[in-house]
Structure formats: structure tokens, C-alpha cells
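Presented sequentially are two complexes of chain A, the first with chain B as partner and the second with chain C.
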Partner chain A sequence: MSTIPPTQAQQNAWKKSPDSELYINPLPVRIWHWLNAVGFVALILTGIQIRYANMFNVLSFETAIKTHNWVAFTVIANYFVWLGFYLFSDRITVYHPELNPRKFFDKAFKQFMYYSYGIFKGEPSPHKVLAYDKFNPMQSITYQIVMLLVVPVQFITGIMMWDIKRFEGPIAMLGGIHTVDTVHVLIFIFFVSFTLVHAYMGALGHTPSAHFKEMFTGYEEAEEKSDQ
Partner chain B sequence: MNTKLQVLVIDDDAVVGRSFDRVLSDKGYQVSTALSGEEAMETIRETDFDVVFTDIKMPGMDGLEVAERIKARCPWTPVVVITGYGTPDNEAQASVLGVSGFVHKPLTPEIIESVTLKAVKEAEVILEAAEPCETQEVIAKTVSKAGVHSKAGLIAKNVGLFFAAPFVALAYVIALPFVGFYMFAKLGREAYVKKHLSK
Partner chain C sequence: MVRSLIGGSPVNIPVVVSALVFCMLFSTILYPSPVAEISAEPVTTQDSPADIPVDVGADHLAILKKNTKCLKCHKKKKFKQLESGEQLSLQVSREDFIGSAHGEIGCTSCHEAIGNRKHPSKKTNITINSQRDYSVEMSQSCRLCHNENYTQYQSSIHASMVAQGSTEAPVCADCHSAHAVETMADYKPETGLPCKNCHENLYNAYAESVHGEARSNGNVIRDTHIQAPICADCHQAHEVNPLAIGDTLRSTCIGCHENVILLHNQWLPNAGTHLDIVSCAVCHAPFAKHKFDLHLYDNISQLPVSLQEGDEAIQQQLRVMEEAGGSVVDTLKTWRAKQGDDEQGQNSDISIRGRMEVMSGIAAHQIASKGFALRTCDSCHQDDPRKNQNVTLSVTKADGRRESFEANRDVLKSVTAVNSISDFYALGGNPNKLLDMLLLVSLAIGIAIPIGHFTIGEMIKENIERGEQ
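Moving on to the complex of A and B:
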């Protein structure tokens, strides 16, 4: 049972939503999401420019590095806003792990069957989106790995390479600059793939644009239930 | 301004709604009734209810679906499921949806009054603290009031989950193919048994 009290703004938004819509992404979440999205795309593009300076010449090497650093610190600050809510409130429970393996595997298997088969037959998703339970089990574990492991490692390796001299001790402990750089680049490749998959999955709503609209308006349109 | 507490009773049997009205109307409650889930959703759009009672078995939208829709729309509104057909499955499903409780038919005036009071009191605890809940302090206090944990406990739990979550998730990812294989095998076996038994 949910014991999280709604804010006045959430209560107002819920009340005014029609029955077919759920208010699941409040304005701060949407601002946070789009700031992250723009930041990650900028980091990927400037990262490509830095890594392949000989092949592309959209920005000068120095400008690319400066832009990459400034955007990176903005994204890190944005992450700490999220982390503050995660640690000091009970509002971000969707990133909490399911500690009952039986429950997790049962739900994850149903979701897997939906993604691999049911979706192509037009069946409804087994996961019902609720205001405090918006991620299906597969999304949930993916985001936990991304937000709580991959993103922090990327930040740490990035900060080390931002000032190699200052962090030469920790860099040496991790096996030298080549190791740190390799980890940073591998995670960069992961993020490029993640961004593409994220956009593809975003198009799998009941209409291709439904989830994108939801991230602008905050409202998720409820799927019509089939008579089964 | 209507200061009475608003109660909605959803049951396709009009007698149930009338019983609630008779018991509660002179005790500070305003009772509204709906004979179907669809009618209830219309009513909810116009009025803020302090507590909702819904029968579980109704034609059209059943009580579980009504509860799900109400909890999705107004998570703070207590929903009590009235059941004469209570099965452990129904109750388990209703619990997952976050309903406040169950009340079994036949209903006596004492049961109606006590279960209404209990649901309203529980909702007040959540909502009283929710009004100014812009600060983390108030959120923590609310969670504590609900008997979950103190602020320090909340932070300790969240820090623990922060470090544990990615490893729990990685363990699930590693185990998923094996568990998935087992589940496929189980599905196949069930299909095989069903096919051969039907012959």
C-alpha cells in the first residue's frame, strides 16, 4: 500500500486529468529528463569529436573539450538532484530493487513474453502503469544498473580524465590512464546503444508517439483494455 | 461549503448503498451511490470522496478494476472492497492495488460505521501531512507516522538500496536466462499435459 503523500500540485494534476489519463511525470521529472537527454546527446556528439578529431571537424578540439566538460558538470549536477531525492525521500521508489526473486522473475518473464511475442499480436502490456509504479520489471532493473552503477562510473572516469594531474594517484590505482580511458569509452559505446534502444522502446506505446507526448505533458494515456 | 465527509458506495445491488446511507447519513457523512463502475468513475470526476466502498463482483467494470482506476487517479483516496465472494486470489490482487481493506457481506450497521471511520482516519494521517509536504522533513514525518520508519531509518534504507540495487539487478540479469529457460520448459510441459489430457 502506498504511504507516500501526494504534493498539492500532484493532487491538483490528478484531479483534473480525465479518467483515461494518469499523471505520472510531474514537471520537475520532465525538466530533469529532458535536461539529461540534451546533456547526454551533447556529451555523445562532443565525445565523438574529441575521440575522432582527425575524421570530423565540426568543432575545434579545444572547443569540443570545453563543451564536453561544461555539459558533463551540468549532467553531474542534475544527477545529484536525482540522488538527493533518492537518498533523502521516499519519492523515487521506482528505482528500488524487487527483493523477492520469485515475484521479480514471474513479472519479468511475462514482460519478456510480451516484448518478444505479445506485442506483435497487439496484446496489452502485462505491466499496468501506476503513478508510483511506472517501470515494468525489465525497465526497472535496466535503470537501476544505469543510474546506480554505469552513470557513476562514467562520471568518475570522466572527472579523472578532466584533470589527470590532480587525480594521478587514483588513476594509477585503477591501472593507469589507458584503463580509465577504455572504461570511459566502453561506457560511451553503451550509452550510444542505450540512447537508441531508449528511443526505440519509447516508440512502443499504444501509438508510436504516446510515450514521447507523455514526457512533454506528464500524462500517460491509459491503454484500452481488451475483453479477455 | 459541505463539511460532511464524502462516501461513495459502488454496488450493483441498490440495497447496499441504501444501507450505508441509513447508517452513515446522520453521523456526519454524505453518502453517494453508484450502481456500476462506469457510473462511479463519472461521479468521482465531479466530487472528491473521503472514502470509497466498492463491491467486487459487478457487471461491466468489476470492483478490482474500479479500485485500480481510483488508486491510479487519486492514490490518497482509501478504497475498501466489499466482498461476498471473497477468494484469497481476489484479496491478494486487491492488496497489490493498494486498497485500504476488505469488508465481508453480510454488513451490519456496526461494521459499516467502524470500517468507514477506520478508512477515513488512515487517510487523514497521510493527507494531513501531505498539505505542506514541500520539505523533506514533512515527507519523512509522514512516512514515520504511517509506521514505516524514521527519517534516519529512511536515509539508511535508501543508502543501502543505492549500493545494493545495481548488484541485485546484475544478479537478476545473470540468472534471468536460466530462470527463463526453466519457465519456458514449465510452460511447454503444461501445454503438453493439457494437450494430451484433452485427448
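Moving on to the complex of A and C:
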């Protein structure tokens, strides 16, 4: 028995369904990402206002602190949206599609070479974006370090500074409030360049807006284009 | 019958005698002698720590009789030549003494040495070095009855200074007078005496403060009756301590202003920490100048470390720091080395802690009413070079007083401060210079990578296109 091939309309409908391989950013991920993005920018800006009140006078110190605290708690709560989604869904594979270190580093090198040279020659990305294999190895390792190490440390140091008296003991264990603040500021400094580079790399899709669009719609656009 | 010498009329002798007796009795009622003032009932002297009832019966009358004997001679202007060349006045005002809290006590109760032997004469002369020495020595006699107060005094800054040889610090008689000792009932604290005698500037600052004005207005603040504090309420009457050391000031203020923590919690982030490390006067004496005041802290005994005799190396280090803008960290190192030596190699746990303080003791007394209190964070949390905020390193001296040495302000911004001044950091007030540079580098990387990557990409594309052509 020969099967009837799907019509173009059927193919398009399937591509736009949540079961599609091109549905790479489910709703919780999109909510988390954009709330996180707005939160990070707000935290960086209020952080600069707090630290350099003598240079910028957009908010009073008191308002900057209160805004920073409220935004920070929203970002922390939002972190658990991300963590919960990946822990309790099968999408966790996007970070580790296959646990093979040799393959991983081999792919990471190829990806690096692509960003360094191939991209300018118009070569296709060595990594094919799929629903369960979303990240290239460079993204995967970077996002895991950021989300599982850097961001939690930033949250913890921030919470300690939010209520120094309550966390007196842990602060002393970490070497005092000056140390805790220094770690918090170092991570803030890292996020300044990370955010800028992250936004730039978001524009390195097949069109400058492709990745931004997919983070709003949830669907990978590249595949659709290549089919056309 | 006897005839009058003037009028020649006869005088009735029994009537005259009766009249004289009546007059004497009447005059006794009108002008009682000091002895007659004393009640025959046993009374308790005010502020008598031993609370021993003073029997003013027959024995007491004997004491007063003896006192009268002493006062008879000592009302005269007489002086004793002291070894120091000073002249000690031996004159005691009868009125002052009898009207004093000690008016019912025998002279020899305090002047024991004189009571137990013959009165000193030229032959049995008592050698006294100086008036000061005599006052210090005589303070011991106060202890006999006022042991509790004397013990409290012994742990005061005044006693520490006396022990260190100060000739200025007060002993009992300097505040209470030697012979005209006031009763508690007569004591009027709002005059600021006796503290004002030595601390006039501080008293004047206090008198103009919300506390002082409330006192002079009958203890009324904003139409509410409030018992406003006077010197001894904050500093204690006998266990006088400088409030700037440790947590004394904070707990003293909160002692009366019980809801302070709750009120600050309503608006001030990290209110508890602020109350711990910002002196109340920093915000509540709004016109006072501020400083970051660092002190060396012993984390084991949980007390600020104090400078002892023989700490020459540290004293030298502090002087160098002040004169040549040396580092606070060097002082910490010297101190740690000294502690190591003292404790035979045992690890000492000395760190530098900081507080926000007002620049002077006068400013600390200029507390304004609540409406004038600072609610701005800028004075501590803004790194404004125009303000030229002072940084000092304070140490408690052996006599209990606090001495501040000026330090370089940049010490709070240096990289080493993260370790050496680990427990003190004013967010935004003293940003670390290295972190500022790293932020610029990070910003530069964040801009350079996209621009660089884009530019290199365009160049490569151009080359490829040229190659294809």
C-alpha cells in the first residue's frame, strides 16, 4: 500500500504544532527567557545606579535598592520556572542530547571554527537545531555554567546582602560582607559583557532577527526557509 | 520685792524668771540650733549603700558635739603646707557641712586617721604630697559607706584615667564636694552639674538638643510628657563610660526608644545592620560631619582591642599612618604580629571593623528632633570626592579613652580591604578601584566582541567576493 504524501498545507500545520521538531522554545521557556532578560537588564542598570550614585542620578539610592531587590526576587522566582520546566519535562535533553565527552568537544571545536570563519563564508552551522537538541555544544556548556553555577551564586550573595543580619553566620563563613559583595560585583561585571555578547550572538541566525523571532514564537524559522 | 533701777517700781522676780524661760523656749522654737533640728527618731541617710540606720539618739548627739568641736577650729582660714608646695585649705564651712547629706555624720567617720590618734600637730605632722593625692586617698573613705557606688566608679573611665596618672579625672570629692555633699533631694540634674564643670562644651551641645530642650521645657516633647535623659541617664552616674566604644551607645538609645528597630524596619533596608554600624547621631544630629571610623576588633573576646602600655610599635605605626598617609593594613599586620608574639605563636583573630560615626563628641550630643533626622542614604552610600569624608582608625587607650588617627580614605577602596576590612563595606560608598577597572574591561569586551566579529566578518566576506571575481 502506498501512503499518500502530506500536502504542503498539512506539512505547514505539522511544523506549527507543539509536536513539531521545530517547536524548540515551549511557552515556559519563552516566559522565563524574556522575564529573565528584562530582569537582568533592570538589575544591571539599578546595580550601576547603586554603585555609581555619584555619576548617575536617575533613581535615588533608596529607590534603586528597593527596585533592585524586587526585580531580583522576581528573577529568582523565575529561575525556578526554568529549573522546574527542565527537571520535570523530557526537554532536559537539550542540554545533553548524548553523553559522549569526545563527541561533545569535537562538535564544540567545529562550532567554534564556524563562528570564527565559516559563518562569514556562508557555510551552514554544523549544529542542526531540533526540539530535543536545541543548543550547540558552545551554548550548552556556557548556559549550564551560567545557570547552574554563576546565577545561583549571584542569587545567594544577593540574598545575603538583602538581609545581612539574618545571614550573619553564612556571611562570616564566606569571609565577611566585603567578600560577599565583591563576589556579587564580579558576577555583575561578567554579566555586563555576557548580556552584550549574548544579544549579538542572537543576531547571528540565518537572518539577524531569526533567533529573536523564534524566542517569541517558539518555532525555529530556519528549517521552514530551507524547505521553501 | 526689788525696785527697778529706772522706774523705781517694784519687780516681781518669779514673773521675770518665768518670762525669761518662756522667751528662751520660744526663741528655741523660732531659731532652732542645728542640734535641735535632729530628730530623736532613728533615720536612714539618703544614698547610704549600707542602709545603716543612723541613730541620732544619745550617741549621735555626742557625735554632733564632737563635730561642733572640729568645726569650731576649722571655720578659721587655715592652710597646710603640702610637699608639692600647694596650700591645702583646712577651712570647713559649718553651714555647708551641717546642711549637707553628711551633716549628721561624725567628721572622724571619714577622717579616720585623725580620729584614731591625737589631732595632728607640728610634732605629729601628717605628710601630704599634693591636694590631688589627698583627694584620691580620701576617696577610700567614701567606700566605707558607698561601696556599691565606689565599685561602679572603679570600672569607669574616670577611675581608669586616675589609675593611669591623670590629674584631671575626677575622684569622689570632685563631683560631690568634700564637705558640702548634696542630698539626692537637693540634686538638680538639669543644671548639668557636676559633669558640666569638665564637659561644658558637651553639655552646651546637649542643652540645645531635643533632649536638653525637653528637659528645660519640663520634659515635654510635642505636647507629650517624656522623661528626657540627662548626662547620667546615658553615661551612668558612677560607672561613667564613653559611649562611642562597643555597642553601648546603641543599647543606651534603644533602652528608651524601644520601638526604634520596628520603626527603622518599616523603611530602611537592612535596618538591623544599620543600627549596628551607624551611630545614632550620624542621622539624628543632621548637621554633624561624618567619618568612616575603623577599629581593631578581637573576634575571640568580641571586643575592640585596646592599646596597652608597651605597645610602642603599634603607637609608632599609628603615628606613621596619620603623618605619612600610611596604610591601616600595616597597623593590622603589626598588631597581629604582636598578638602572635604575646600568645607564643597562637593564632590571634584580629580584624578591622568599621562604623559610621560623627566627627566629634560635641556632634554626638546635638541630637535633633525626629523631623530633622537624615533620611538620605547619600552621605554614606555615595562615593563623592567633594565631601572628602574622613576615615579614621580609632583605638581604645589604656585609660579607656578613645583616640582616632586619620587614615587614607583610599584604604577602603583598595583590593586588600576585601580581606583586611572584611566586615565593613558601605555599598556604593567606597567602591573597590580594581572592580571599577574590571567593569570597564567587561564593558569594553561586551562592545569589542560584537564590533570585532562583525568587522572581521565583513572583511572576510569582501576578500571572498574579490577572490570569486
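Heads up, the rule we're going with is that the second predicted complex is superposed on the first by the 192 of 228 C-alpha atoms of A that agree within 3 Å, B and C clash if a C-alpha of one lies under 4 Å from a C-alpha of the other, contacts with A are read in each partner's own complex, and residues count from 1 in each chain.
To be clear about the criterion, a contact is a pair of C-beta atoms (placed from the backbone, for glycine too) under 8 Å apart; a residue touches a chain by one contact, two chains touch by 3 or more.
Note that the structure is a prediction, hence the values are computed from the model and not measured.
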Query: Touching A:L149 in the superposition: chain B (first), chain C (second), both, neither?
result: first
Query: After lining up the shared chain so the two structures overlap, which partner does A:F105 touch, if you call chain B first and chain C second: first, second, both or neither?
result: first
Message: With both complexes superposed on chain A, which partner does A:L87 reach: first (chain B), second (chain C), both or neither?
response: first
Task: In the overlay, answer first, second, both or neither for which of chain B and chain C A:H96 touches.
output: first
Query: In the superposed arrangement, which partner chain does A:I141 touch: chain B (first), chain C (second), both, or neither?
result: first
Message: Contacts for A:K128 in the overlay, against chain B (first) and chain C (second): which applies, first, second, both or neither?
response: first
Task: State the interface residues of chain C toward chain A in the complex, per the touch definition above.
output: 269-270, 272-273, 276, 351, 376-378, 381-385, 417-419, 421-425, 427-428, 431-432, 435, 438-439, 442-443, 445-447, 449-450, 453-454, 456-457, 460-461, 464
- prompt: Of all residues in chain B, which touch chain A in the complex?
  reply: 41, 45, 48, 65, 68-69, 71-76, 95, 98-100, 126-127, 129-131, 133-134, 136, 139-140, 142-143, 146, 148, 154-155, 158-159, 161-166, 168-170, 172-173, 175-176, 179-180, 183
Field: Complex contact set, residues of chain A against chain C
entry: 50-54, 60-62, 65-66, 69, 115, 117, 119-121, 161-165, 175-179, 181-182, 185-186, 188-190, 192-197, 200
Statement: Given the complex, residues on chain A that touch chain B span 1-8, 11, 14-15, 17-19, 22, 83, 86-91, 95-97, 99, 101, 104-105, 108-109, 112, 128, 130-132, 140-142, 144-145, 148-149, 222, 225
